[in-house]
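Each structure below is given as structure tokens.
After this come two complexes, each holding chain A, first together with chain B and then together with chain C.
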Partner chain A sequence: MNGPKIYFQIGPVSITQTTVSSFFVMIVLCVLALFLGKGLKKRHGKRQVIVEKLVSMLYGLVEDTMGKHNSYWTPYIGALMMSSLFGSLIGMTGIFRSATADLSTTLTWALMTSVLVWACNIKQSGVRGWLKGFSEPIKVMLPMNIISEIAQPISMAFRHFGNIMGGSVLTSIVYTGLAGISTMVLGNLSRSPIAVPLILLAIGIIVFFVGIKKVKLSLKIIGSAVVILGVFSLLEMFDILSGVPILTLGLPGVLSLYFDIFSGCVQALVFSLLTMVYVGNACPPPESDSN
Partner chain B sequence: MEEAIVRAAVAIGAGLCMGFGALGPAIGEGIAVSKALEGMARQPESANILRTNMILGCAITESTGIYSLVISLILILFY
Partner chain C sequence: MSGFESIVGIDPWTALFTFLNMIITFLILKKFLFVPVKKMIDSRQKEIDDLYSDANDSKEKAEEMLVDYKKKIENYRQEGDEIIKNATTRGEKREQEIISKANAQAEAIISKAHEDVMQEKKKVLNEVKNEISDIAIEIAEKVIEKEIDEEKHKSLVEEFINNIGDEK
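What follows is the complex of A and B.
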């Protein structure tokens, strides 16, 4: 439940879990892009139709948000969205830590967006125009504009980081808690005399059959639960399956379904949408300048 | 003795921070979702657009709650 571990140091640069998973995400995305992008034929194969649909959806999204003239931003937005999505989902593999569960990743992306916005402003109206833009409506607004300029990357970075980091922390808390309960329960059962699990098994079977006869679902469930508990404590006693936290019942899996997958996708979408909106505001359509 | 006081203060601080931090976004998102549902009820064919905008809006209002979550996590984990 702590920060990414530092594997080793190359001079001033420290290689952490996040660096490793980011590189892995990069490799996966490059391989995916190369595989999906090669062999484009006039007569669309099944794979090519899907890829073209996705790319045209991405172009549509960018053009809707940033305007037709800004559609040349699509590769950057697509790369940002894919690396954020895969960066969050990679934590599900269990081997890697999510690349976005580390402030340095999301803060870097947020600062990149801000630098793009400033660059567009400067290209648009020159450095003096950009600085003058800070005291836009009236002089008094100067501090407010500066604060909002600083708050923008910070809020984007913390939102994405907090969602993914909070999700992984909560999932690991639930997992360690349930694993502790499971080892405690099964441990005590296995240390008790042989009779206890057998009695448990017997009670479970009786309750189960009573449930079937009286066709009451709740009895059946309770009966089968007690039977399973008895069986596993017996197994634990003979050290066949010991150490496997059975009582977690996959609850952390359901939790990470919400935290990692749903909020991973939503955060990827939100981050790229905000990037599009900010950069889109900074680059107005060229024809409005000519007249 | 100081260690105990620090531990107690950290625990209370984290609890309050998360508690109050969750108050605002909860009310905000409730209003957002209710308005979106009204919109969907009035015009079912615009349900898709309303749904995506609602989810995005809720994700953005969520951010203040997430700031308080990050602060309380930092409080608990690193003090």
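What follows is the complex of A and C.
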């Protein structure tokens, strides 16, 4: 398992997979924005209904989390969330590497959040007030406050990075492992007498039909898996299609469903939620509104 | 020069590009998607609110007018009732007048007719008296065949008849 591949270098600037994916995500998002945002009408069509639904959902989320007065943060949160989501999901195309599986990306975003928080605080109470805020509620808290301020972006960055990276590491480990197991199993089966794959085939078919008769999905799946195993061991035996890693057929897909799609969505949500919470805390409602 | 970045490493250039991409994405999404869509939603919402408040106003006005008209109609009905009542009493009065007048007239006619009849009766009675007296004289002449003083006779008979008539 490696970090992002460096395609080429221009002077000191190295163009890596992350750079490419990040640019690609940006282009996709911008094109999408231009496409979805054009030709808005009062009497909306289907496309506009969906766009408006999504946009108003985002506005609702931001207003719920940060308060109504912070609703102008929505475009940034939306951009962050979409970048994170697409940056994670882009790894599933197989062409690009997930942009969020690179610490540079997530740390940049986390630092942007921190800077925004600091900027909000400074805007709220001035530089001195902001610095003074570190020694509150008591002076002893000063080092801890500073540490928490530093830890915040790091934890955010590592959370996102770790989830996506860990997912892809795990998926590839499972892939390699299953491929190894399948060559081992098929090798053993091909060296065994021809009866073994035939028996496997027969058992598989019987289980499959029992599954059909009793309408049980699990029996059908097990049956077809055993049939496939039998067929491929027969093929292996006659040297027709040797070395097919058949065990990698279903399981990694299920894992990918979790590690790529679910984890990608959740991390995008978590990252933007955290940003919303931190920035929202730094931008309290105007005095006239509070109480 | 191809190679790999370290797995947990930070490349400042990648970070810079990410930062720039993020800014660009943010600006474009904001300019072309979020702001116009939000504006559209808000303006539509405002339009709907306006429509609703207009409708509410109209409804209130209509209800007001309804109450007004109901009141007016009630007034008119009362007026109409009064007019009808007046007319009825007047009509009844007139009716009474007409009837009493007619009664008086009828009474007058009847009394006049009565008088006429009485007069006629008298006349007829006189004629009958005369005739009877004539007949009686004739009969008497024939019976007694003796000329008596016609004048005296006549008065006798008349007296007689008158007595009869009175007794009748």
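As a convention for this text, the second predicted complex is superposed on the first by the 223 of 291 C-alpha atoms of A that agree within 3 Å, B and C clash if a C-alpha of one lies under 4 Å from a C-alpha of the other, contacts with A are read in each partner's own complex, and residues count from 1 in each chain.
Definition applied: a contact is a pair of C-beta atoms (placed from the backbone, for glycine too) under 8 Å apart; a residue touches a chain by one contact, two chains touch by 3 or more.
Keep in mind it's a predicted model, so treat the numbers as computed, not measured.
Contact with chain B, but none with chain C, is seen for A:Val266 once the two complexes are overlaid on the shared chain.
Contact with chain C, but none with chain B, is seen for A:Phe8 once the two complexes are overlaid on the shared chain. Within the superposed three-chain model, A:Gly78 lies in touch with chain C and out of touch with chain B [touch as defined at top].
Between chain B and chain C, C touches the greater number of residues of chain A. In the overlay built on the shared chain, the residue A:Thr113 is in contact with neither chain B nor chain C. Look at A:Ser155: by the touch rule set out above, it reaches chain B but stays clear of chain C. Contact with chain B, but none with chain C, is seen for A:Asn163 once the two complexes are overlaid on the shared chain. Residue contacts after overlaying the shared chain place A:Asn121 against neither chain B nor chain C. In the superposition on chain A, the residues of chain A touched by chain B in one structure and by chain C in the other are 1-2, 161, 165. Residues 1-15, 17-19, 21-22, 24-26, 28-30, 32-38, 40-41, 43-44, 47 of chain C are the ones that touch chain A when the two sit in their complex.
By the touch rule above, chain A contacts chain C in their complex via residues 1-9, 12-14, 16, 18-19, 22-23, 25-26, 29-30, 33-34, 36-38, 40, 42, 44, 48, 51-52, 55-56, 58-59, 74-76, 78-80, 82-83, 99, 102-105, 107-109, 112, 161, 165. The residues of chain A lying in touch with chain B in their complex are 1-2, 155, 158-159, 161-163, 165-166, 169, 266-267, 269-270, 273-274.
Residues 55-56, 59-60, 62-63, 66-67, 69-70, 73, 77 of chain B are the ones that touch chain A when the two sit in their complex.
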